[in-house]
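First chain A sits with chain B, and in the next complex the same chain sits with chain C.
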Partner chain A sequence: MNHPRRKINVLAAILLSLVAGTSLAQYDGLSAEDKGLAIAREADRRDLGWGDSSATMNMVLRNRQGDESVREMRNKALEVADDGDKSLIIFDEPRDVRGTALLTFSHRVGDDDQWLYLPALKRVKRIASSNKSGPFMGSEFAYEDISSQEVEKYTYRYLRDETLNGQDCFVIERDPVDEDSGYSRQIVWMDKAEYRVQKVEYYDRKDSHLKTLTFHDYQQYLNKHWRAQRLEMVNHQTMKSTTLTFADYTFANGFDDREFNQSGLARMR
Partner chain B sequence: MKVASGLLAFVLMFSSQAYARQTFEVDLQLEARVYTENALQSEQKDASLSLAVTPEWYRDWQGGAHSITVTPFARVDSADDERTHGDIRELHWQGVLGQWEILVGISRVFWGRTELLHLVDTINQDDALENLDGEDKLGQPMLRINYVADNGSSTRLFVLPYFRERAFPGEEGRLRPPLPVDDNDPLYQSGAEEKHVDWALRHQGWVGALDYGVAWFSGNQRDPKLVPGSVVPVMTPVGPRLQVQSLRPFYGLMDQFSVDAQYTAGDWLFKLEALWRDEFNSVATALNPAIERRDDYSAASLGFERTFYGVSGNASDIGVLAEYLWDERGDEGSGFQNDLFVGARWAANDVAGTALLAGVVVDLEEYSQFYSVEFSRRIGSASKLSVEARAFHDVPPEDRSFFLVRRDGYLQLEYNLYF
Partner chain C sequence: MLNAIDRFVVRMGQGIMAHRWLTVILSILLVGWFAYGARYLGFSTDYRVYFGPENPQLKAFDQVQNVYNKNDITMVVIEPPGDTTFNRETLSLVDTFTERAWGLPYVIRIDSVTNFQHTEAEGDDLKVADLVDNPAGLTDAELAAIRAVAINEPLLAGRLSSRDGRVLAVAVTHQYLGKSSMEVTEAVAATRQLRDELLAEYPEHRIYLSGSNMMSNTFAEASMADIQSLYPLMYGLLIVVVYLFLRSVTATAATVVIIVFSTVGAMGLAGYLGISLTSPSAISPIVITTLAVADSVHILVSLFALMREGKSKQEAMVESLRLNFMPVFLTSITTALGLLSINFADSPPLHDLGNISAMGSILAWLLSITLLPALIAIFPVKVPARKGSFMAARMMALGEWTVRNKRPVFWSSALISAALMAMIPLNEANDKFVHYFDERIQFRNDSDFMADNITGLYTMEFSLPAKNGVADPAYLAQLDAFKNWWYENPKVMHVSSVSDIFKRLNKNLHGDDPEWYRLPTERDMAAQYLLLYEFSLPFGLDLNNSINLDKTASRFIVTFEHLKSRETRETLFSGQQWLRDNAPDLAATGVSPAVMFAFIAERNFSSMAVGIPLALLGISVILVLALRSLKFGLVSLVPNLFPMGMAFGLWAIYNGEVNFTMSFSMGVMLGIIVDDTIHFMSKYLRARREQNISPEEAVVHTFRTVGPALLVTSLTLALGFLVLCYSAFYPTASMSLLTVMGIACALITDFLLLPVVLLWADREKASEQTMETACESSAS
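Take a look at the complex of A and B:
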């Protein structure tokens, strides 16, 4: 039997996907759970191959009265095939913690491995990484908010399409797999054009709306990888907020595993 | 010609502006200490004001492949002339070439896992004038060669060509033996004295949730024995006797094998340090020519830390610590021969980084107690306030190392300013 029409259809689909990247039609007929997961996988796939990066991070913490406090850090990250990324964060401000550095081997499944370098004692100490919901440097970002976002860390459910700030977005619910997470669920807005996260709403364990994170000033690197330059986190329960600004992003620095170990951590400046 | 081009390459390497980083910073520390009990000796002071400065200059080249660090230290103390002292904490060049890392110069090295006692931490001499917690160290001249394997484990060889002697508080200082220690006139087992070349080898790494280190050290003991120094004849009801006027530090030689490990399981940290030491001590002094012995002993420190996160629904954490300390020598040793440390750590995780650490060490044989509380809080972005309280309680003469300082509990206020 000959099926010329089907052949043409397949050919057209291949050509279309080559021209337009991945077609949105691929989600047709999927359940809400499968569609949510497929979208998360596609976002992950689109960012594959970034290799390594370095950036400076500036955090401005604001309390209810509007008093500000500043944190400055530098960040190096290394992509790891088939597992979570490796990262090094060194603290420059506030001054009493200058020189403190944090090495993280994140994992798709299970707790991350984390080591802290304390410059006063020149001591490298493995720390418990089960503290996911704790505040990072007294900010409104929890450790789990700034750690490597792996597909496997959540279960997904596609909710709806919605326009956010003029961008056509998927709205997906993702539920943390880890029971140490401080959240019952997160609602994520991701633009359909480039699969960039635009907004996240965090719901605490009592399922009340805790925080909202918005992403601003996306820039593209290596003609492929999108990175937001500014993140705004607002805590609706305490009325505190944190602005996290990334600057001086560089890719293809030639980092390798040798810098992301305890010797490299103690050497970090 | 070859030399010239080599020199040129060297100069170019160090003058390359690309990827270079340079920092200069100063830590200024103001300290006020009040001793809460009357001193054992009349000449010892009850309070002190003190100022310490630690500048640090750092420069690297080629994205950190080569670096130079210079960190002098100086303190001026109102009560104790000996505590007015200076040191060079760091003065070294460090280079990285692939899996090799080389450090030449003066530096500090930390080994260990447990919180109360840093048992296996051996390379550097304590700066005993700073604090009794063993966390301030004198800079040690060294050549360090570090090889990092592909799995992240590392093997380090230390060659230590010059020994740093321990400094002791002066007559007006607290936290000292009843007799002054003449640290300008130490005795050594080795004929080479402070020029004895000590060496150490350490391998450390991690497998899954286990971090481990094994080390061998051979050289001068860092913790001296105190032997009688100058003696004078005095008349007593039972006839003339020799009375000791001062003590002298004696540094024997030792070989030491140590292991240290931490197992991280969820909110639990399990910690262990253990050592086996072979000491050679042979010294003849005016009063006591009989000090000649070879000690072979073991000591260990092991415990856990369990952290409770987000206590009572807010952001603060509470950690509970317990460590057991053992020394085969009993009361002849470090004083931590059969002791239990229990403590709690509170971290507010607030903007000011407020933290509190409180604990007690109990001698399980004599029931003497040592209490310690440390509190700190950031003020603004470039200063920090710390409070430290230490107290000794119910110390009998049998608990030898603490008996001498049983009245030297204190309350300390410290203000750090960073430039």
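Take a look at the complex of A and C:
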């Protein structure tokens, strides 16, 4: 867990990154594995300190013949200092699950904890399953695709540099640590300028290309934190696709732990 | 006009004799170029190719497949050595197979007893986990508990576990990309390898492979097997028959060259046209071969006869070409027309078979009048000792007998024909696709085992709309009622309905109290149960294959043991009627491969009901022109049409079940039967016109001159199709047997009914005017 990069001070790194191309210098001499991890750490570091956020989520699901179906949700998230983040998703559409809320404590190591509040039962149910790699609300996103992307959830390997849509990118392979993951590996394109994920290719357990996720319309909040407004996931095997749109991002809402616990779930609206 | 053709043929014949080497080289170049197209030929491994793009059952099926997942499924059936499958070893085998199957090509989902997402109450929570975890370490009590779940759970029993707990199955779902025709082959090869690996680890177990995926692959494999076993047999027989008849090594060799070139050329052209081979079209080389033999034989027979009369080889060849040019041209063009009529059929593989065979038939004609004479000119030909006089004498005797007994012959043959044709309606369309393959094919045996022990291959699925969402209790109650109605049918082995999931979740969320194993009564409650369940499902085991995106429809699958086509149609209609009567909001059309095959024969036959008359009309017009007589053109309808009807009548007596490829027999029979008519009638009319003899004498003369050749070509054709009767692919075998029956009927019609009809038709006019003027007036 000790890497020489840690010794480089933050200011120096920022200064270096101002000059395109020279930012690479900090990774000189690293093995592909170390360089991949270093890049992932840097991306994580750059987004530190966002505190809390809230946004609305809209998902449009499409099947092979183009039929569409819509899901509406609200998302609240809280940054946790020494562990994975906490998140709360409240479902508004479809109507028969309105008011249902999903609380997640993600963890850097081990399974995430999840609870679902079912308003019809007026009860909170823990999701007692170790494998949560199924589709999220029937979409092409698996829960693991949109959950908090903690650095520790993968092992990394830097592959190459590549230009994607005119942006200089790192291309990194990351392999899920969780054995129940639906993927054997993922290939990530991350731009060098701001360390934002631009594209992810997902490979299934037999190592066939399963899905591609692309990120669109990045906007910066609090002069620091970049959030994509639109995510497009395409399944190459079933030809189904899902568009996930985020809107009304707000930061510094003053959320705290009391809102992100099981007893608080029932009060959420 | 005839003289002009004659002059042209003579010039062409002399030209070929003079430039024999050039002719051979040009032929080789042309056929070589055609054959080069064979590199584009592939084998299609998708049973869907049997259905045209406009086929309504295919369209309905594809629509359902587009909403849910496609279901190209391999059923892996596992039989343990002992009485129960719920032991550590067998469950380990199933578990290992389930895990390793994720590595198979194009796999998107695997369902088995071991990875079944079993739900149970855990305190106040819902625990969702694999039914079997770490099978080697299970206690006897745990094994008993697993068995109890597997043989009682509606989603498992009768599909992935036999109801008696003796046999288990793994359902492997593939999603093909459709980029290569080898995808299915690749997936099946990998599945078999995995099976072999596991059999090596668990040698006491047996593993059977079935499902729609194996069926697709078997269509291709059965053809390959046919090619390997039937082709050598076919060519061997052919060479023997041709040699026995011609008694000349050179002539036999030349005939084989013509046949091989026609076949190879036509297959290559098929490649250029982008045709991919299927079980029916893979037999086109045999069809071409049988058809091509006749052209060469007719030319060579005349050649030898003329050489025996003292003509030189060259002279005799030119004269033989002159005599045979028109008949050989006519028979080829009419055969091609008959074959092309198959394009009216509904199944594209039948079009391909018809088109490839038609191209081969035209190519055989071209080569018989060019390459064949050139080869004969180059290589030494020893005229065989005069033989066949015995056969000709017998034929003459038959002719005389027919003429003498024309009244009894007419009435008896007319009666027999009528009686046979009256049997036609007794035929019943039946396409049981598992039984397309006989016991030599593993798929058939494995599928039979599966049907006898655990679940069937004949399904019917419905996408049932839920206007208030699938969680609507009223909808779920209707699903349940529909399910119960199906289970009243003893042929139903399994019904898959999402209502069973809701019942189970309701029980789980009430502390596993069996009292609560019933449908939830509130819609929101049901929807939220389902959401909770969905959040707990692992990769590849989601509900997308049973509930649509909107949750406004669910997939309802009924599995049967073997069903006949008629039973499938009746069952389908009664199911659809039940929905209309009892749950009109859920009205839907049942779809499945079984449903598609249940209608395929009817669709093909009814489309051929347009194609055959059209082809017959075209052929009749050609015959009227060629025979230069409207009357004799019309008379030709009798021998052209009767044998086909008689053959179907015979089939009704012999078997009575027709399948879709038999519509192809109609085209083949038409093409072949017309050849006999042309040879018989053209020789008869030539005798009447050129030798000015009475109809009776002309009939006897015709028997003597073409009788032996007709007999031999019919024998060759019958042998060719008899070889195909040995095909392991039942549609090919049955279609061939029917064609053999047609050829036999055609010979009987030509030797018995046609002569007396000719005598009758000729008599009326002959009393008023001479034959020549009659012909000239109708020809002008």
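Following the convention adopted for this analysis, the second predicted complex is superposed on the first by the 245 of 269 C-alpha atoms of A that agree within 3 Å, B and C clash if a C-alpha of one lies under 4 Å from a C-alpha of the other, contacts with A are read in each partner's own complex, and residues count from 1 in each chain.
Basically, contacts are C-beta pairs under 8 Å (C-beta built on N, C-alpha and C of every residue); 3 or more make two chains touch, one makes a residue touch a chain.
All values derive from a computational prediction rather than experimental measurement.
Trainee: Putting chain B and chain C on the same copy of chain A, do they fit or clash?
Mentor: Overlaying the two structures gives a clash between chain B and chain C.
Trainee: Answer with first, second, both or neither: which of chain B and chain C does A:261 touch in the superposed model?
Mentor: First partner only.
Trainee: Check whether A:64 is in contact with chain B, with chain C, with both or with neither, and answer first, second, both or neither.
Mentor: In the superposition, A:64 contacts chain C only.
Trainee: Output check: A:182 vs chain B and chain C. Expected answer is one of first, second, both, neither. What do you get?
Mentor: Both partners.
Trainee: If you stack the two complexes on chain A, which partner ends up touching A:111: first (chain B), second (chain C), both, or neither?
Mentor: first
Trainee: Have a look at where A:237 lands relative to chain B and chain C in the superposition and call it first, second, both or neither.
Mentor: Second partner only.
Trainee: Looking at A:223 after the superposition, I want to know if it touches chain B, chain C, both of them or none. Which is it: first, second, both, neither?
Mentor: A:223: touches no partner chain.
Trainee: Scan A:102 for contacts with chain B and chain C and give back first, second, both or neither.
Mentor: second
Trainee: By residue count, which of the two partners contacts chain A more extensively, chain B or chain C?
Mentor: The partner that reaches more residues of chain A in the superposed model: C.
Trainee: Between the stretches 127-135, 271-279, 451-459 or 649-657, which region of chain C is in steric conflict with chain B after the superposition?
Mentor: Clashing stretch: 127-135.
Trainee: From the superposed pair, tell me which chain A residues show up as contacts to chain B and also as contacts to chain C.
Mentor: 61, 63, 69, 94, 96-97, 120-121, 123, 125-131, 133-135, 138, 182.
Trainee: Which part of chain B faces chain A closely enough to touch in the complex?
Mentor: Listed in rising order, the residues of chain B that touch chain A are 21, 23, 25, 58, 60, 64, 67, 94, 96, 98-99, 101, 108-110, 112, 135, 146, 148, 150, 152, 154, 204, 206, 211, 262, 264, 266-269, 307, 309-310, 315, 317, 349-353, 378, 381-384, 416, 418.
Trainee: Considering the complex alone, what residue numbers of chain C touch chain A?
Mentor: Contacts found on chain C: 63, 66-67, 69-70, 102-108, 122, 124-129, 175, 177, 469, 471, 509, 522-529, 531-532, 534-544, 547-551.
Trainee: Show which residues of chain A lie in contact with chain C when the two form their complex.
Mentor: Result: residues 61-65, 67-69, 91, 94, 96-97, 100, 102, 114, 116, 118-121, 123, 125-135, 137-138, 142-143, 180-182, 204-206, 208, 236-238, 240 of chain A touch chain C.
Trainee: Within their complex, state which residues of chain A touch chain B.
Mentor: 61, 63, 69-70, 93-98, 111, 113, 120-131, 133-135, 138, 182, 257-258, 261-263, 267-269
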